[in-house]
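Heads up, the next two complexes both have chain A, just with different partners, chain B and then chain C.
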Partner chain A sequence: MNEYDKFSLDGRPIYFERGQSILEAALAAGVYIPNLCHHPEFKPHGSCKLCTVKVNGRFGSACTIKAMPGQEVASDTPELNGNRRVLLQMLFVEGNHFCPGCEKSGNCKLQALAYDIEMLTPHYRHFYPVREIDATHPDVLLDFNRCIMCELCVRASRDVDGKSVFALAGRGTASHVVVNSPSGKLGDTDFALTDKAASVCPVGAILSKRVGFAVPIGERQYDVDPISAQASARQAEEA
Partner chain B sequence: MLHAAATPARKKVRIATTSLSGCFGCHMSLLDIDERLLELVDLVEFDRSPITDIKHCGPCDVAIVEGGVCNAENVHVLRELRANAKVLVALGACAINGGLPAQRNHLDVGDCLTRVYCDRTGGEVPDDPELPLLLDKVHPINEVVRVDYFVPGCPPSGDAIWKYLTDLIFGRMPRLEHPMLRFD
Partner chain C sequence: MFRLETAENPQKLRRIAIDPVTRVEGHGKVTLLLDDADRIHQVRLHIVEFRGFEVFIEGRPFWEVPVTVQRLCGICPVSHHLAAVKAMDIIAGYGALPPTAEKLRRLMHYGQVLQSHAVHFFHLASPDLLLGFDSEPTRRNIVGVAQDFPEIAKQGVLLRKYGQEVIRHTAGKRIHGTGAIPGGMNKALAVAERDELRRDIDQMIEWALASVHMVAALHRTKPEFYNHFGEFDSSMMGLVDERGAMDFYHGGLRAVDAAGKPIFDHVDYTTYESVLEEEAKSWSYMKFPHIRALGPEKGWYKVGPLARVQACDFIPSPLADLERKKMMGLGHGKPVMGTLFYHWARLIELLHAAEVIRDLLDDPDILGTDLMADKGERKGEAVGVIEAPRGTLFHHYRVNENDLVTFCNLIVSTTNNNQAMNAAIRSVARTHLDGRVVTEGLLNHIEVAIRAYDPCLSCATHALGQMPLEVDLVDAEGRLVSRGRRNMGPER
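After this line comes the complex of A and B, so read on.
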């Protein structure tokens, strides 16, 4: 690590390894940049735009822009956090995100980000879309009401599990996740609870059956410490 | 003289509260501030509220609304509160995003009524003119009136309500942070 391989994030020096994205370098240094469709094991997707930062004055996704020496990156600013809040509000009204009735509540990244960025209201007119629930699989429940189309399950099933169980269909507001089987039902695929795709969903769209509320509300992952504090704590532990 | 003259009594903040399409859980949570209720009594007085049983509200400082809007009466009550209150607060999940009642939004309300009143008992859908007409969808209150502040939670904890209310009463910018800010 030499002096040359560093950029500035909100005025703090971040050292990086060649090839890392701004987001990867920041997270490795224990500095949190909000993100939703990012997963360290998969290729960046750049679709949720939560990680949007300003690099040398221009907007860009921290997960897709490579870290370069001398970059001036701004992330934790009122302007960017305001935009992030708007993105979250749009995600909330676009689906049916009824937290009190969701098994993922407290473990949900969408919810945790909304807490962290202090989103008090979804603000916009709710779509209240009519979406399917697929309970055909013996071990896994699919609830598309909560899907945010981050494609983590699509990427995990295709790139890690080699099954390509999920895909994104439709365009624009009609985009939705579909299941790759003749009936379109998860029960007719070879999807298994042990698949990577079964555990990557950041929201409550892919849920394991028969473990509901095993961990009570109030004791879950993001109930005590905010998601941003957990990222820095993880780094401190590793260091 | 050791004891200065008593400071002039602070003018009490007049608060109206109502539960529209909600479960009164948020009002129950307000009672969860426990002994701080005694402090609250010194700070506020209640206009229309389940606590006073006043039916129509007059001019007040703060209106606290629990529940979403599911029928015509909810709309009237909400508009009356908005017209009379300087500040309107949406309290709890239902007021903010429709909450549990909004889970009927993907169903046809006519179908629901037929299923409940006709198919099971062979009766008719009640149509007494005193019954408020159901809306086809349940709406968060900010889709009907302007809302100044939002306190999420199902219900928001007594501590969160206390924090928000006292911030408002004492003229601070009301703020809820983790872990008091919750959606569940």
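After this line comes the complex of A and C, so read on.
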């Protein structure tokens, strides 16, 4: 890391390695920028727009913009957090996200972000879409009600597992994740619980069967510290 | 057809509605039809809300159900949580629970009974009993009780809080936790949690005993009134263990008649459909269950505290059993049937719950960490039954080979009491309202009778799909053109 390779994030200097995105550099430095479709093991996607920041006064996705020396980046501002709240509200009303009965509750990135960004109401009218559950696989349940189309499963299955079990189909509001089998059912694929794609879902759409609620309240991932505090805690541990 | 259920010529009668019935959980109303001489011709308790849990559970994974279905209610969610998980233990193929897991579930459930009974008696019912049925309505509430009887109100609030803390330490949250999972529990009780609960339990037992004595003392002030208010004979049902003792968590079904003689005993609850049947009526979203062998006219029954306390042979904790004997002594060898005895019985149960909690906290097993049963063969269908605070609660599920629920039937406590509550308000209407000018205080007598059952109308109205429905198409002159009926039973 060159001591001259730094940019400013909300007034704080962030040192980075050449090739890192603004988001990667910020997270590595223990500074949290909200994100949903980002995963450190996969190529950036830039679709959820939660990590939108202002770079030298212009909007851009922190996960796709490379860090450059001298950038002035704004992230934790009322304007940007307001936009993030709206994005989360739209995600919540677009699917069927009923946290009270969801086994991902407490471990869900969408829920954790909504708490952290203080999304107090859905604000918009719920779509209440009719979406199916695919329980045909012996070990894995797909609940499309909760899918936010981050495509992490698509990327993991294609790039890591080499199976391309998932894909995104349809356009606009009709977009949805499909399963690559003649019946369209997961049970008719070679998908396995050990696949990378089975463990990357940030919400409760891809679930290991029959283990829901095994972790008690108080010990789930986001029960103690909010998602934003966990980035800096991880960085402190690594240091 | 029951007396006062349906008037012969309703068009000519005056209608009075108590809408909504207050200080109960959920939404209901009472309608009275009277003639010009204030004689009562019809009295009905209508349940006017409805929920759809039986249907929206369908298609969901079975392990999710114990958490989802408890959202039926915020007062006794633990009962639904545990009834569902008892069924799902079997569906998932688990055998007998390790002692620690079963005792933790019992601790959670008895904490639930303690808090629910406390909230009902102190917050909802005590204003009538302590301030008077026809006292000033704006003060006839928990705030009025707190002003006139601050120590009693404080004890009620703290008893409830204690029960909520028991739930929090076993389920993770005071309301809508996740403690029980198919096959066992997800959380052990820490030593610090046990010690915190143990510290206050003797005080809770003392206050619970004082509350039983308070109701006994109230009875002594007007024994005739307390004995006969809303009095009617009926059968009674509850769970008992193999010794015939009261058990809120598990046991066999026992029903006794109005003389205390057994109708059935130690019935395996998984075969509940062989002894019970449900009937729908056009004027309520709540179904009317009855004992199959006796039919709809004679087979209805009571559940809940007054039924449980009298249907069991004994209460397996010393203080509560002594108080049970004192109360039942007033029946001179027969069960007592006055509606207000529900409060007395409820507080005896509150005392019992506190005694059981103490015994569980003193049991070394409660701190164990063996929380899951051994797994065996999966099943496609299962029934879970528990004694909820308001009475016997049935959860019946079928689950397909893909782990999704395909069928759900819930018979909740208040549904079991549907006919009994209607009988109670008709008894009160006949005795206290018939032929008199109706005042607010007299109407509150009707509500007092309903409140005694501690009905939870929100969780009793869960049936979507089987909802009884009658649609009449009439022409401009009021003549019936056609009638559509669904799930209504035979036309009367």
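Going forward, the second predicted complex is superposed on the first by the 238 of 239 C-alpha atoms of A that agree within 3 Å, B and C clash if a C-alpha of one lies under 4 Å from a C-alpha of the other, contacts with A are read in each partner's own complex, and residues count from 1 in each chain.
Keep in mind that, in the parts below, contacts are C-beta pairs under 8 Å (C-beta built on N, C-alpha and C of every residue); 3 or more make two chains touch, one makes a residue touch a chain.
This structure is a prediction, so every number in the text was calculated from the model and none was measured.
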Inset, instruction - Tell me which partner A:P100 touches in the superposition: chain B (first), chain C (second), both or neither. - result: both
Inset, instruction - Could you look at A:F213 and tell me whether it touches chain B, chain C, both or neither (first, second, both, neither)? - result: second
Inset, instruction - Determine, under the contact definition given at the top, whether A:A174 touches first (chain B), second (chain C), both, or neither. - result: neither
Inset, instruction - Return first, second, both or neither, reflecting whether A:H123 touches chain B, chain C, both chains, or no partner chain. - result: first
Inset, instruction - Identify which of chain B and chain C touches the larger number of residues of chain A. - result: B
Inset, instruction - Enumerate the residues of chain A that count as touching chain B in its complex and touching chain C in the other. - result: 100-102, 217
Inset, instruction - Spell out the part of chain B that touches chain A in their complex, as residue ranges. - result: 90, 93, 96-100, 102-103, 105-106, 137, 139-140, 142-143, 147, 149-152, 154, 175-179, 181-184
Legend entry - Interfacial residue positions of chain A with respect to chain C in the complex: 100-103, 133, 135-136, 141, 209-218
Inset, instruction - Write out the stretch or stretches of chain C touching chain A in their complex. - result: 59-61, 63-64, 66-68, 71, 92, 171-173, 176-179, 181-182, 186-187, 402-404
Inset, instruction - In the complex, go through chain A and note every residue touching chain B. - result: 92, 96-102, 105-106, 111, 114-116, 118, 120-123, 125-126, 128-131, 217, 223-226
